[in-house]
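Two complexes are shown next, each including chain A; its partner changes from chain B in the first to chain C in the second.
Right, the complex of A and B next:
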């Protein structure tokens, strides 16, 4: 299996603060890759660099063999790198269905005149976008709330809607930023099942930020651990879990050490 | 009835015209962008019609075309506004919020200064004796009425199309729209240019109505008036601009018996709407539907 996403010596400085320092790792096609680390470790900043929302200070990101580190977010998204947000960013005033339709329209390059005057090709694309969006909304279990404004959904449903919206980009790689935040144990297990299921169904590669160590250990075949912006361990979950640097980052150092 | 129409004819036509200007602001607002450039394009469109209607070199063309000269003026105004809209839109729409509003106001001022100093626009005096197709002012409803109907139809279709949804996604969350593949700048420019083109055509239709065109047609005050229509009526609905224009244009007339104190009441209504209806008049209907 080849690397679908390769991060090389990636750094990000906010003024004098190094949010991410010289991070390198590779994500292989089809795997579920976990990115863990304490609060403020730079995980979301790393995601922002992968998706073009933040410009790296140094280093490169290769996606499908192409350097995407200088590209605009929209261009990266259309290449097939989709994401969800830790602090949910839905189109609040729009319906559940319309939220999921937006990436479809972005992909088919919705034409202004075709849409207004109802050209045959525009009508066909509208129908396809509608059918695909409906299917995705059903898939995440929101089929009964197609016309509800996204902002009035309960918290858990909003997280699921974000995943449906990201899937509407027909991505090759899906980045999930703390998808299990605020969920209880049973919900986390459901979510783990769901992530495996969509990986298989859509042939996805998943990159996952998560605080919950048991969930990551159960779901991912490889993980990377960030602490204070630095990659302190990577590899198989069992090996990483036993790594002294990781234990130190999560639990601190014993007083007599 | 005829008496009433004669008396309020100008008011009715003005409401239609101002509602169209308000709608020209609604297009960029669909993408969440507050632009005050409309009045500049209105002024530009008016000058296009005024020059085409009065310039001696074009006399043979006017004679040959007759009434068709007016649609030709609209078309030229539409093209000129669209081109200038693209040229202005790309740099200006990199700015956000209050800075975009300021940049577009600056644009309106620059156009004003140009019009004051160019021979073709007649300088400070402006252009006089613009040919008028109708005797009565109410008849200009034949210009503005169909344009308003067409604009509303266009909007009704647009809001239900993929392009409309892309516009709204930018308004709802610009960062997420970009992350979902929406070409944010191109879509903002698209919405902006539609607004510019509409304002240009409204200007071209207004030049014959007013018979004279000068720099007073494109002032800061007029730009703020258009903004007020949208804010009072509701910035998130196409009906907002309509309702706002109808209310704000007719209010001073309805309150005329109060003489000078009507200005106080006029202002009071504005303040009350802003305080108690932050989503405008159209927002009241929105809530009931939700």
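Right, the complex of A and C next:
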């Protein structure tokens, strides 16, 4: 089983502060991989390095066998690495449908001028892209609100729309940054089902940042735990859950330590 | 008589105001993508007027490096206007390459980019002076061909005169405004551009090359600048390499009045200032340049975010 995403000795320093220190792990194709850790452990910084928003201070990221650690975010996105944000970042003024159509513009290789004087074939591609965008909006249950401005959606719908927008890139790997934040128990179960469903439907690999340990344990077959920027455990969820270092990070020092 | 007076001022105000709007939209486009004012825009405006002049008239002035030179060809005005605008768009791209991109790549403060754009503006204006000289250039009266200079309408007792050049100003500006809004609202590239303007990081994570779209924005901005420079130049003449400065200041008033970063606001701001200048009583006309800023201060007292701008809280 080959790794679709391989992180090797990745570090990020902000001035003197090490946000991420020498982190290595591999994500295998088709799995749902969990990245957990307390607040400020460096999880989002790690995502930012994977997607090109932050340049690593040291280390490499291999995606589909290619070193992407120096690439621009747009290039990495077009290779098939998509993400959502902990604090949702939709284009608030655009409609639900337009939000999902934004990534297609990049995928169709649209130059700034090409689409303005559209040929018959580009118009056909446009129609297909539109149909695909509608299907994605329907998939996340927003079919009745295609033309609603994204900013006026309720919180849970905005989360789902952000996932639909990421899926519009036709990604191979989807990074979800705390997708269950602010959800109640039933909503979390719905979300878990949804993540499994899209993984199977689109043949995705999912890398998930999550605080909610039961959700991660139910969803993932491999997890990695970050604390103060360092990888303190990785492996199967049951083993990781029993690891003393993990218990310490989450619950404080164990009573008999 | 009052009706004719009113209509006459309306014609004057709308034609010049629409050009202000087109010019100011160049600032707005760059501002909405980079959040910075591009002070070189007024220099591109000036450059556009000079380039169109040379392409349409085929001659250079009496001083400057190119004094007495003639072009091997003369373009019809419409073609020269278009070519001048495209060249101005390329100049706009050069401004992005020279003044903005290198600083952005190094993570420099926005204020530094503002100053470096001011530097590029000075270099451009001095280059124009070096090449074209400091004299006044006026488009010949027959530059629009054999069209009559004005059309007169009888309104009741009075008369309203619409100068041909006013009709050209208004018509070309209207076409540009419609084209721009169509591009931004309804084309794929326009949507991608809106995404870049709203959040460049997020847009880049969705596969949109922010650099390419920024460059495209500068092209559009330069195109609008060069086009409006020519229109003003045909109307009032080119009073020297610095003739863009006063219009640049006015356009800054337009964008703040309308609401920074708002396209409808910029159009409204341009028309309001054009109309205010037109309706200024003739005995006060020597204070025309102050009208834009007087109006700006008055509006900002009531609406600090400008006429159609979003308030700071809404933006966050």
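Methods note: the second predicted complex is superposed on the first by the 248 of 257 C-alpha atoms of A that agree within 3 Å, B and C clash if a C-alpha of one lies under 4 Å from a C-alpha of the other, contacts with A are read in each partner's own complex, and residues count from 1 in each chain.
Following the convention adopted for this analysis, a residue touches a chain if its C-beta (ideal position, glycine included) is under 8 Å from a C-beta of that chain, and two chains touch if they have at least 3 such contacts.
If you're wondering where the values come from, they're calculated on a predicted model, not measured in any experiment.
On the superposed chain A, the positions of chain B and chain C overlap enough to count as a clash. Contact with both chain B and chain C is seen for A:77 once the two complexes are overlaid on the shared chain.
Within the superposed three-chain model, A:149 lies in touch with chain B and out of touch with chain C [touch as defined at top]. Applying the stated contact rule after C-alpha superposition, one finds that A:125 touches chain B and leaves chain C untouched.
In the superposed model, A:242 lies in contact with neither chain B nor chain C. In the superposition on chain A, the residues of chain A touched by chain B in one structure and by chain C in the other are 51, 53, 72-74, 77-78, 82-83, 85, 89, 91-94, 98, 101-108, 110, 112, 115-116, 126, 165, 168-169. Only residues 183, 187-189, 191-192, 194-195, 198-199, 201-210, 212-213, 216 of chain C touch chain A when the two sit together in their complex. Residue ranges of chain B in contact with chain A, taken from their complex: 154, 157-158, 161-166, 168-169, 171-173, 175-184, 190, 236, 290. Across the interface of their complex, chain C is touched by residues 51-53, 72-74, 77-78, 82-83, 85, 89, 91-94, 98, 101-108, 110, 112-113, 115-116, 126, 165, 168-169 of chain A.
Of all residues in chain A, only 51, 53, 72-74, 77-78, 82-83, 85, 89-94, 98, 101-108, 110-112, 115-118, 122, 125-126, 129, 149, 165-166, 168-169 touch chain B in the complex they form.
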